[in-house]
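The structure under discussion is supplied below as structure tokens; questions concerning it will follow.
Chain lettering (A, B, C and D) follows the sequence in which the chains are written, and residue indices restart at 1 in each chain.
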Amino acid sequence: MSSGKTVGFIGLGNMGGHMANNVLKAGHKVVAFDINTAAVDALTTNADASAAASPGDVAATADIVITMLPSNPHVLKVYLDPETGVLAKAKAGTLFIDCSTVEPSVSKQVAAAAAEKGSTVVDAPVSGGTIGAEQATLTFMVGSKTEESFKQAEAILEHLGKKVVHCGDVGTGQTAKICNNLVLAISMAGVCEAHALGDRLGLDPKILADILNTSTGRCWSSDTYNPCPGVMDGVPSSRGYTGGFACDLMVKDLGLATSAASSSNPRLGLPMGGLAQQLYMMMSADGAGHKDFSAMYEFINKKA
Amino acid sequence: MSSGKTVGFIGLGNMGGHMANNVLKAGHKVVAFDINTAAVDALTTNADASAAASPGDVAATADIVITMLPSNPHVLKVYLDPETGVLAKAKAGTLFIDCSTVEPSVSKQVAAAAAEKGSTVVDAPVSGGTIGAEQATLTFMVGSKTEESFKQAEAILEHLGKKVVHCGDVGTGQTAKICNNLVLAISMAGVCEAHALGDRLGLDPKILADILNTSTGRCWSSDTYNPCPGVMDGVPSSRGYTGGFACDLMVKDLGLATSAASSSNPRLGLPMGGLAQQLYMMMSADGAGHKDFSAMYEFINKKA
Amino acid sequence: MSSGKTVGFIGLGNMGGHMANNVLKAGHKVVAFDINTAAVDALTTNADASAAASPGDVAATADIVITMLPSNPHVLKVYLDPETGVLAKAKAGTLFIDCSTVEPSVSKQVAAAAAEKGSTVVDAPVSGGTIGAEQATLTFMVGSKTEESFKQAEAILEHLGKKVVHCGDVGTGQTAKICNNLVLAISMAGVCEAHALGDRLGLDPKILADILNTSTGRCWSSDTYNPCPGVMDGVPSSRGYTGGFACDLMVKDLGLATSAASSSNPRLGLPMGGLAQQLYMMMSADGAGHKDFSAMYEFINKKA
Amino acid sequence: MSSGKTVGFIGLGNMGGHMANNVLKAGHKVVAFDINTAAVDALTTNADASAAASPGDVAATADIVITMLPSNPHVLKVYLDPETGVLAKAKAGTLFIDCSTVEPSVSKQVAAAAAEKGSTVVDAPVSGGTIGAEQATLTFMVGSKTEESFKQAEAILEHLGKKVVHCGDVGTGQTAKICNNLVLAISMAGVCEAHALGDRLGLDPKILADILNTSTGRCWSSDTYNPCPGVMDGVPSSRGYTGGFACDLMVKDLGLATSAASSSNPRLGLPMGGLAQQLYMMMSADGAGHKDFSAMYEFINKKA
């Protein structure tokens, strides 16, 4: 299988570690970097994987580099640091695929900096969680200036997920991701309020879920990920809100949405999104930041 | 067809008029009352329909009475007025089916008053709008103390809709309805904010809708009733937000939800629902009260 | 002192009991009613006070009647009940002073009904709490159609408080009261959020209060009733949020504000007031409904 | 008067220009930088003022440097840029007084970087607006690690304002400022909602203001800066909401508050502050971003 390319991979966390493994499974060599050396050690037990000393050193040896980083400042540093950043050492013509979820303006900023050096950045944030990362069933939302660079990115990403969508120019992948999560956060909070109200008024939660799921209240948060314990099996609400998508991560994504709205021109107010952001933070302050975000049901439905 | 029963019908508005017609089509006689005599005149062009002088007079001549009224005070007056109300003149054993959308506590109050006189009230609010009322495709959410009275109600209602669900005891039909509309109002506002953000950031609305509809942001408001003009045909957003479910009606239903939450024990705060209620009112004050509630998109996405 | 008038008094609760005593102290006779007979017994240990069997019987024997009742339905029943209500038995020309805090439309409704019978209702809700009621230092906000009826009301009320303001026509007393409490609820929540933020960031709360109280954040909630324990003595926050104005009472007043805004024409959205209402309800659900409303500080400043 | 020190001044905008003039009036020499060379030219018509080529060059020639910059990134660049930043060229022992309003964490970050080079940063954000800057009546909220550096800063700042408060360690000046503006933004919105409700219900706004200002709703936004046209003279609401503190600047300060709350540990939700932030943004999107923030009254009180 070693006829493949050498793919750089920066960021071997809960998501990135699985994704890098899937790059290897696709027959590519991987040169990797993470500040957590244990994660690098784990990956490089595979003979086709090797470690680099810095992000820049990854870029120096790869034609395609995938980055999977926690947030805006990490992406800015990995791409733009004058000493250790990838753009400081990348060969002209390198394709960077940033799978991090960051503000669209950050994607545009690093893409512009790359373009000055003759390289290309596409943003490709994902949905599907750690299970999707492991099983290569992620969805990638890709912002790419050209169809050509999208196709190049797709050729790799199709080994890491089941769906790769070209959303538009650079930054639109991020926009699609944060818009989706904005709706998700809000509709989940709505479903939690409705189930809490049904509970207060003596309506069986399974009957309420049936009504919602066949009516205009139907949404993923009710029919696939119902937050009320006892309604569905195999979802976080059925196991004490463990697993799933942590409240604190939703806070981060809502922060990206409200920040992007605030800095758009003209400004855009997001009253529901802004309130959702504060509510998930209140829930976090109440001790549930690590729980699945559907634990909003518990937070709303308090009975002292 | 005149082998049917005599069914009383009180409230011949946009919904009730169609529903009364469907009772007639089912082979029943109808005795009707509405303060709008023109609506009564229109119905009684059908030889099987006749007019009564008051709600009480309807009840005096019918074994089953359907009521379809605008709001809490109308229901209280039609049922409880000592002179003109239905309970003042009803025969013991009468079944009242209240299809109005009112607070669950109102349904319980009139049901308790009816029980004292040996009659039965079930609450049976609907979803499906005026088209559903005309085409007999409504969904009825029924709160009934006994399976027996539910079955009796179902035997009539199945001629007026395609789905009749027994939600539980009296009031749970209302609860199911207002919980559904609570989720609907909130998720619609969320979809509107997401499409506004996508628009500000240059993401094609059809691509955003595709992402939402195949991801965790999927909901009826995005995949069936998308509020962003140009995304879907045949929905209010494609025709200037005409038709559909008026903003002011959503305000009413959100008022029922927050009021019921406020008077539950212990109280229940509905932060997202309460904010949605105020936002739809701001939209109404801005001149869009008569528009479909999905016109929230226009309200959020202002660009001065 | 018995040269005074006979004043009717209906509603001898925490506020009304003190107020009725102050009517007696002013040299008037009082004929009283309350469904709580113990409260009537307590008052009628004073020889100038006597009990009546119903609100209507109070009205039958008094030229001036003061009412101090919990909420809308109580006022409607006491005034309008066809058998026991005051208007059923009042002499023409009676002046009713309703000190209850209710929706302005309720004041208008009972005033209109009274006018039909030749009597007058002025609304005169109070601020000042139970201490103000006991010490006769209340402020009365009076809605009166005429200056004459305001003067009549003032002649009595000046014995029960230190300030009697004519706000305008019937209902404007209520409007003034609920507008004031709307600002109070919102500004208190704002001060609580600011003190919580200061606490998280290591700013001494006394220094923060000093800054607020000499800057543009200055408000009664910061300079007179500071919600952060340790900043001021003699306020609820210094004694475990006991005493003061209960969270649940603030919920009621916010409900009057949002309800009045909802039914005004055109509608009025109150986003901050609506959210405050839900937050005080969340706080109530969390077990603090009986605490002073400044306990919002504890609710906001949770640290799990 | 030239016995004074040489004071560096970076940032000669609407505020900084006046402040730099007041430094000159106090008898000091000023060496200044601004990217807007016209502002530098205006200042250096004074013989005691001279221009520097970069922030770093200012620092190279002054023992005390005052900075007055628009936002977080400007402060970070002016202090930390490895080539042009002040810390790159400052002599050890320099005192930096940052009068910008930025996130407390930014103040801490630049103070830590300065400490590594043997210099000191105090944060000293102001209140009082451009008039206060011109007339030297500003209030300075100072965060200083030591009393000594506070005293040094105070010796200069007392020429630029009338009040200099030591709030605590570095960052607490920022915290005090954003906490105050958080209360201000929220209480102003509350006063606007109350005046809008009073207006809908026919209450004279001057009477409402009188009630608020002598009751528990009293706040700076009602008694000093009333947002309802016709209530007070000499405030922005009396002149079409011109002058004053722009809505867009309030949006910025609310962003600092919610951002600081979000990154505190544990997180802190600010539901009222977060909603206020979105509402002022909606108002900005509606075309009022440049108006005084009290124009929230117009935004809330729409009547279509």
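Operating definition for what follows: a contact is a pair of C-beta atoms (placed from the backbone, for glycine too) under 8 Å apart; a residue touches a chain by one contact, two chains touch by 3 or more.
Bear in mind the structure is a predicted one, so any value in this text is a computation, not a measurement.
These two copies of the sequence, chain C and chain D, are related by a rotation of 180 degrees on CA atoms, to the nearest 5.
Distance between Cα centroids is largest for the pairing of chain A with C. Centre-to-centre separation between chain A and chain B, using Cα means, comes to 40 Å. The centroid of the Cα atoms in chain B and the matching centroid in chain D are 52 Å apart.
Separation between the centroids of chain A and chain D, computed from CA atoms only, is 36 Å. Each of the following residues of chain A touches two or more other chains: 261, 266, 268-271, 273, 275, 279, 282, 285, 300, 303-304. Residues of chain C touching chain D in their complex: 104, 127, 139, 141, 163, 165, 167-169, 171-172, 175-176, 178-187, 189-191, 193-198, 200-204, 207-208, 210-212, 214-222, 224-225, 257, 260-261, 264-266, 268-273, 275-276, 279, 300-301, 303-304. Chain B contributes residues 271, 275, 282, 285-288, 300, 302-304 to its touches with chain D in the complex. Taken together, the chain A residues at the contact with chain D in this complex read 248, 251, 255, 258, 261-262, 266-271, 273-275, 277-285, 289.
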